[in-house]
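What follows is a group of structures, each given as structure tokens.
Each of the next two complexes has chain A plus one more chain, namely chain B in the first and chain C in the second.
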Partner chain A sequence: MSKFQFPKSIASRPVYGTLAPRPGKAHLMMADAEGAEALLDLAAQDAGLMGKAHILYIPRDTGQTYTDRLRALEPAQLYVGPSFDAALPRLRRVLSDAHMGLQVYLAGTEGLMGRAAAEVTAAGIPLGAVQTEHRGSVARRMQCVHCKGITEDVTTDPFTCSHCGLNLFVRDHYSRRLAAFQGVCIDAEDPGNVPEPVELYK
Partner chain B sequence: MTIQFNDETFRGDYSFRNSPWAIRRFPFPFHEDSYMYSVNMEQHRGGPAGSVYEKRFDVDEHYVSEMRDRAIVLAEDPLRCQSLPHMTLAGWDLLELIMVSKSEDYPDLFELHRDGERWRWVNRPMGIDDTFTFMDETTLPYGPMEYITRQTQGDFAVLDQRDDNLWMDAGMVTTQADWSLDFDIGMNFFEWHAPVPLAHEMGIFKRALKFLMNVQQGAPARRLNWTMTVNPLLDTSPENYHKWGIQKTELTPENIGAKQHLRVELQTFYRLPRSNALVFPIRCYLIAFQDLVTVPKWGRRLHRVIRDLPDELATYKGFIANRPLMLDYLSRYDDGLPTSPGVWPDLDTEPPLQK
Partner chain C sequence: MSAAPQKAKAGAEKIEVIVSAVVPVNDLVTRFEFRRPDGAPFPPFSAGAHTVVEMNDAGRTRLNPYSLMSDPADSGTYAISVRRDDQGRGGSLFLHRNVKPGDRMTLSYPVNLFPIDLRGRKHVFLAGGIGITPFLAMIAQLEKLGARWELHYACRNEALASYADVLTARHPGKVRIYYDDRKQAIPLGDLLDGQPLGTHVYVCGPKGMIEWVHRTATEHGWPDDNVHSEEFLAPQPGQPFEVRLCKSDMTITVGENESLLEAMERCGVDAPFLCRGGACGQCETDVVEHDGEFIHRDHWLEDDQQASGTKIMPCVSRFVGPTLVLDR
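On to the complex of A and B.
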């Protein structure tokens, strides 16, 4: 089981639930890494769902662990891709055909769920049709408020911006539009005084 | 009166100064000797003659220099002004509100001539005389919100109202107390206030949202908010925090009176007629401690407020490290005498400093 209970936080921070089957004639599912477990659990609740499902899956560092099991669910369409960015044109193409009542299921890391949810809502699908379930890494997708660059998969606080090199602390303030948390310079008032990075939630 | 516009800077050599007139009309935010969050809304229907509350959009001696500073910020970072696609109509609403208000309230400074959709706008202090077609973006050099807020002091958040919430879907933000429009755009009322401590638990935002969603056309509201800023720096943005944050460490007992500023926001709220959006101007006023304490009542009171403020608020407002230095300075202007109720300076009735 790869579920993590996030501590209670501020109002802009997303909260995630548990995927549940909903009635509908089309189901779009997107997951990365251990997020596949949430889709497997979902399929176990409603065997009929997968015949109407389009799954986009990014295994990341889980390799082949889940791909055969997802294929065994016999979804209507299954895509296994190397990265979110690689899957993005396909996701947008699928969303361009979406009809009212499409049900969306997102599972895995916060970065994947956030980016997919932003695409889905940008396509005009209401957030109410989107379910999310966190599985796997608690790494965060961070925006540097100074240079605007995004650093993916941040696991420590503070961390170094992968674009401008500033030392940033990790805030819980979250933008759904950017699908990112906010990183702010930690040593602005005392340059060079950067605390040892600590693993998130440790 | 005719306003003499200062030629001053809010960066670099920081030549910003308040005249004795500007000091006396400063919107001092504390109506008693202590402070805690409250919704503190009131109707924005004028105020005492000469006060910052008198006109719908106050124009003061800093106008021209503030607009120059805004242009510098926008040249460096165009993301400070953004409008989501559905907010253009609200931008026109805002342009109309400001042009009508300013031309009526300051006829010697601004003129608006309307011939159907053909409008001519004259902004004398900034040397602007433009003719354009109302609701036709191609006839203005910028989008309507950007065009008019490049000519109006204060930041502007333009809020869409839907789903029983307010959404920050457009804004012009160059004089902010450390928040990012680029990050917060698209958020709802609770989300963009998420980082504020204590107030959520106190139910402040629920009540404020309920109030704001019911603001009607022609019945604007207002409130004050405040924080502290070292140097008269308008652009205390998170974007540039890595550049200006260091200035907070440069206070000394010798320079604090000149460098430390009380920063007050006059926040007003107007319902816009076509879009039903709510526009939220956030006008920033700065005053150096050494000018503020020339009003004996304000010197006494500010000392007491800062002394008794909960640590969480001093931390959130970013001056917890400098509070001891502030109190050393301000205590010299507090003789322990009682203060009169209300925010006004009461120079004729309050006793001079007794020490």
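On to the complex of A and C.
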């Protein structure tokens, strides 16, 4: 089961839905890891969707689990790449060539959906028109508010900034521009007094 | 509480003006230009804004909203273009027949319910008839910004195509005119499909045209946020009805040819309003009790709110039945 119900939080924290087919001239789908399951579910709802779909997929640690099944959907275009950053030039090119009527579907980890949503909104699609569905890991993309470095796939709270080494508290305060949650030094006033890290949502 | 200053009276602040020019544009449309008596600059406005024109028509106060069509950068002038509606309630006829250069009039401060979304990469304007007026101001504003825009303007015929000559002469590559009498129509589907990502579309014209654009844009996959429209409704006449106003502690009768809002004002109730055309939401009023049918005509309330019988927009909506009690 790749679905996770996030607890209710502050207004800053993104909320995700369930992908549903919408009328459109072209369909851009981007997913990582178990996010492929959301695309498979989406395709099952509307057989006609895939003929106009461009899928960008990052398998991450799921290897070959989903790629053949995605290929079997016969999307108009399927790109499988090693990382979001590797796929980024392609995503930007697709967006720069796109016209109004493009529908965008994002699925998988919060990091992928957030980064893709930032690109899509920068290209002129309002955030409210971008569909998202969380699947798979609940790891977070965190920004250290002190050194500004980004640490990907954070699974514990607190955690150590991969850039400056500070001990950071995982906040739900989110930046859509950076597609990252904010990490704040937890032992600034009493250096070394760091609570035992606990797994997120445990 | 909001930080905005509390106003003494309902509606936007008022501006005293002098009519500086009355210019016939064609058989149906006349332009009215205003300046301030002391020569002071007008309050700045953003393109798409309207002003409510106050008319004293033989003792009866008429308040009609009109889009400001003048260049927002010109602080010395406000201008509106008014289409004469011979079957209307008389506001446009009053302006056409009675208002002369040099007359003193009262306008409201501009209120913008139809702003340009300046995040847009490109702006496509769709005008039907007198719906051209807000776009004249928008075009002036976007030209100064160097922003991308195009106008598709549907008119009945060449003789009634207000400002079409000026627009095509000034912006030959950006303006397309479509004449009904030549069986020309805006190719809406093709227009929507070809636009670059981040385009916004704006429509002002008859109700059917506005609905057509919203419906077609949705079918073509456009986000609602990228489709903007403005339609002022004139209140429609109807059966007189009685209303109990519980805060004011009075019972009033709404006449056949006045709106509920106008009836409240006639009876001295200071009811809130801004657009007087069912668009802005300012006059939303709670219904305490009712026995009868609402005739909701506004663009403000959601369908379920209209069906619930708990809200009414007194500027355009009416009621048929023996009992209506409002929280006003």
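Criterion: the second predicted complex is superposed on the first by the 202 of 202 C-alpha atoms of A that agree within 3 Å, B and C clash if a C-alpha of one lies under 4 Å from a C-alpha of the other, contacts with A are read in each partner's own complex, and residues count from 1 in each chain.
By definition in this document, a residue touches a chain if its C-beta (ideal position, glycine included) is under 8 Å from a C-beta of that chain, and two chains touch if they have at least 3 such contacts.
Since the model is a prediction, treat every value here as computed from it, not as a measurement.
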Touching A:100, do we find chain B (first), chain C (second), both, or neither? second
Touched partner set for A:166, first chain B, second chain C, both or neither: first
Quick one: classify A:189 as touching chain B (first), chain C (second), both or neither. first
Which partner does A:176 reach: the first (chain B), the second (chain C), both, or neither? first
Which partner chains sit in contact with A:12 here, chain B, chain C, both or neither? Use first/second/both/neither. first
Please tell me which partner, chain B or chain C, touches more residues of chain A. B
Per the contact definition in the header, classify A:129: touching chain B only (first), chain C only (second), both, or neither. second
Listed in rising order, chain C residues that touch chain A in their complex are 119-121, 192-199, 218-226
In their shared complex, at which residues does chain A touch chain C? 22-25, 95, 98-103, 123-126, 128-129
Touching residues (chain side chain B, partner chain A) in the complex: 79, 180, 182-187, 190-195, 200, 238-246, 248-249, 321
Can you check the complex and tell me which residues of chain A touch chain B? 10-13, 143, 145-146, 148, 166, 171-178, 182, 184-185, 188-191
